[in-house]
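First the structure, then my questions, so here it is.
Chains: A, B and C, in written order; residue numbering restarts at 1 for each.
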Amino acid sequence: MEAFFSAAILCDQLINGLTIGGIYALIALGYTLVYGILFMINFAHGEIFMFGSFAGYAALTFLLQYGFTEQRPLASILAAFLAAMVVSALLGTILERIAYRPLRRASRLAPLISAIGASIFLQNVMLIIIKGRMQVYPDLLHETFFEIGWFNISNFQIMIILGSFFLMAGLYIFIQRTRTGRAMRAVAEDRSAAALMGIDVNRIIMITFVIGSALAAAAGVMVGMYYTQINHMMGFIPGIKAFTAAVLGGIGNVPGAMLGGLFLGLAEAFGVLFMPAQYKDVIAFALLVLVLIFRPRGILGEVVSEKV
Amino acid sequence: MPRRSLPTLLSAAILFVFLSLPAAAAEWGTIRIPSGSPVKIGMGTMLTGDYAGMGIDIMHGAEMAVKEKGLILGHPVILQVEDDGCAGPPSVVIAEKFCNDPLIAGVVGYMCSGGSKPASDIHNKYKMVMISPSSTALELTSRKIPIFFRTCWNDRIQAQRAADFAASRGWLRAAVLHDKSDYGQSLAEDFAQHLETRGGEVLAMEGVTRGDKDFSPVLTKIKPLRPQLVYFGGMSAEGVLVVRQMQRVGIRAKFLSDDGCFTEKDFIQAGGRAATGSFVTYAQEPDPAWVAHFESMYGPRQTFSPQAYDAATILLMAVESAAERQPDDSLLIDKRRLRDALAATDHEGVTGRIVFDTNGDRTGSVVAVYEVVEEGGKRFFRKVPF
Amino acid sequence: MLSAVIFSAAVLPPLVGNYWSQVLGDIGIYMMLGIGLNVVVGFAGLLDLGYVAFFGIGAYGYALMASPQFGMHVPFWLMLPVCVALAAAGGALLGVPVLRLRGDYLAIVTLGFGEIIRVILNNLDPLTNGPRGLLRIDPPFLGATPINNPQRWYYLILAGVLLAAFTADRLNNSRIGRAWIAMREDQDAAAVMGIDILKYKLLAFTIGASFAGAGGAIFAARQGAIFPENFSLMVSINVLCLIIIGGMGSIPGVILGAIVLIGLPEVLRGTEQYRMLSFGALLVIMMIFRPSGLLPASRRRPAAAAPREPE
């Protein structure tokens, strides 16, 4: 029993938790941004994540053919990230235009059902494209391991943890310090007032989707490189878990989503020590149910807009 | 709906009772193929979905056998393939379809044990023979259904051989993982049990969820137990991630898995360097000449096409021996004779000599162990003498 | 007119044979599920994405009591009301904490609940036999005759569907149904009128769940073998799709939805991957252009068509 709780194991699980937590956080940000502005759950967000991952895969495979990846691995990876973010941003925009904008004045249920439909549609589009076979990210960088004191960490894990942190920091600065960011916060707080002030609400909504989707795409490429296996269903469970994370932190609350993601990742990594590992997914679902019942506002409290 | 619904309910109930009484339970009987009609072989396999690669490969194996046979007593042979979704409800629907089709003599199927189990009950009702190339669950033959056969092994044998192999290499401290599926969990538990009878110690038994990718938490959990061997019961989708993440987490142990990981693309290629040195159990290597011929037609083979080819071949052989040509050029196939002919099979197939025991399992089906080796820049499975 | 439809439905099996009777039976079970979920979604306006949980409770409830698992062989007709009650209890248990939540949160929580149930079924091996499933489940008996071929099952399911439709229709036209309409159209006004919103939501949830419990018991007895993978999110989504496309809040709509969504793919076997693709696209299209479905409820606007109120 002592073996389970040695310092080394706890440190390892800490790294595991932060890595997957960073990924959850990046995806959760997309949910929280959209919910803050539109009050709808973008059920298809997990599929935007999935498409981003595949876009990165396509870019890498393309570059691989021309030997580009051997000569300049770092540039190839950056190209993959770029491709993924562009594709997902585009997808997010199209989704918003086609499946959500027509339903802005409809009932509560309609956009959610439409989102479910979009999610199913996107999953099956990818299924048809890849003919049901799992795809494998090419091995570009070799994973090297470091032992720092009690910590056992790899360069991939460092990249993911730092990468997600910088993206989140960047987002936070963007929202707090730039004009567009202020406009986003204004629309989230009171859409009609913002419109009266001259803010192009539709444009802001589109920007929100673009940012959220790009972040999810970045997470998608990270997942592709780290776990190497990608398939058309890869967005489903992570999507639900990321939504859990967003709710945990307080839906609509940007730092909340980041915190929620990390918290969920750590809960899974440490939780596995206390129960049979097959219950790992239940941790997320149980947290979701408990948070929504007992503290629906989340850890940091949700962003409450003006109620008419 | 107006108040009249109550009397209509009543009439439905009466009709129900009335019509339900004289329903016939199908027994042994005869299949009649009229002159000019083809003899059909049904096939249930997965055509779309997670394991479609394996399923389509199975289809190709049977297709090849049917094409080679061509004719039975002057009637063309046709393979009718349906998508069984590797699950119960679609397999049951297809089973009904096949068993009620007057031109179908037998079925090669179904792909997954979850589908074969309920489907075999239906086949048993209609007494239509079925040969599965890939359903390895023990219960399929332990229930002694007369019409069920299989050209693959059953999982108990596979797990026991794996445990014997591990014991022979001195890997007695094992951590066992499985994918919480019928297939994976049964194998894992049988392996654990058998290893213990050989003096081994099972340090952990943990499940992972199919579809999940992050196994670092569970691997980190078992790392301090210092296992010599990690046995994984499940398919290559998860197996390859386990073997990669084992390395990442720093578990220095051997990896041993089942036929679910015996795939070129999804395990060896996807596993990269981490897959080298892994061990996998599978049937005897099929006849290389057959493999070359198959691959020239269909591309690289997956796991069960040889078994499917053999299944279709012996089914067709049995049909041919049990069929009687009539004066009007039709064929009469007595179901019981067909079943008995199949049970009496003694045939040298591409997977070895095929003889069935009284339950429908192959006798002497030898499970071999393969290692992933890297030579000359290529990685492939090599059989390990054991 | 209706009796003509029912009569023609009753004479189908001998005409179409075993295979199609099996398919029609599958459609029938989905009809029952659809009618049940319709009570929750269409009548009361609550989006339940975890409906399959109650289906599973009904199925496992029966299977555990009528198979070699525990050696008990309780007759089907005795277990049927028990399964209904079990599922209803599940609905009540789930409903009490979650029904205070907003519509979209409710959807996600119920989805989580559905998944939790499936994982539990898959992992509680000593009880449920885990992924290996429960086999050799007893069929129902009418006197000495077992109901074990597709044609007999068709009749049982037909009776089930008629009973379910009848019950749902009675509910719709009762005081409870009118409370649901009021709740759906304008929750605040309904509360002001003295309608206990929580109580009626709970009723909808519980009653809806009980239909699934019956469907589950029938499914288990008919399949003869059940596995946790039979109770995945896909089932919940399938049922939701057929309600939405057929017509929310409308019983003929649900019936049409089941025939189209479950029967058509069987006819078009081989286009499996395009089936889910079209489901997804159809959901989006229906929401935008025809939220009340193909055969909408006649007088009342169902929940998805009602304009959004401020939260």
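Assume a residue touches a chain if its C-beta (ideal position, glycine included) is under 8 Å from a C-beta of that chain, and two chains touch if they have at least 3 such contacts.
Nothing here was measured: the structure is a model prediction, and the numbers come from that model.
Ranking all chains by how far their C-alpha centres lie from the centre of chain B, first place goes to A. Counting C-beta pairs in contact across B-C and across A-B shows that the higher total falls to B-C.
Each chain gets a centre from the mean of its Cα atoms; for chain B and chain C, those two points are 33 Å apart. Look at where the CA atoms of chain A average out and do the same for chain B: the two points lie 38 Å apart. In chain C, the positions touching at least two other chains are 119, 122-123, 273. Listed for chain B are residues 48-49, 180, 207, 209, each touching two or more other chains. Multi-chain contact residues of chain A, defined as those touching 2 or more other chains: 127, 132, 276, 278, 281. Remark: chain C residues 2-3, 6-7, 9-11, 13-14, 17-19, 22-23, 26, 119, 122-123, 130-133, 135, 142, 145, 147-152, 155-156, 158-159, 162-163, 165-166, 169, 223-227, 229-230, 251, 266, 269-270, 272-273 touch chain B in the complex.
Within the complex, the chain B residues that touch chain A are 48-50, 52-53, 180, 206-209, 211-214, 216-218, 220-221, 223-225, 237, 240-241, 244, 248-250, 265-266, 269-270, 272-273. Considering their complex, residues 41, 45, 47, 49, 97-98, 101-105, 107-109, 111-113, 115-116, 119-120, 122-123, 237, 240, 244, 273-274, 276-277, 279-288, 291, 303-311 of chain C touch chain A. The touching residues of chain A, counted against chain B in their complex, run 3-4, 6, 8-9, 12-13, 16-17, 19-20, 127, 131-134, 136, 139, 143, 145, 152, 154, 223, 227-229, 231, 233-234, 236-237, 268-269, 271-273, 276-278, 280-281. Only residues 1-2, 4-9, 11-13, 15-17, 19-21, 23, 25, 47-49, 82-83, 85, 87-89, 92-93, 96-97, 99-101, 114, 117-118, 121, 125, 137, 139, 180-182, 184-186, 207, 209 of chain B touch chain C when the two sit together in their complex.
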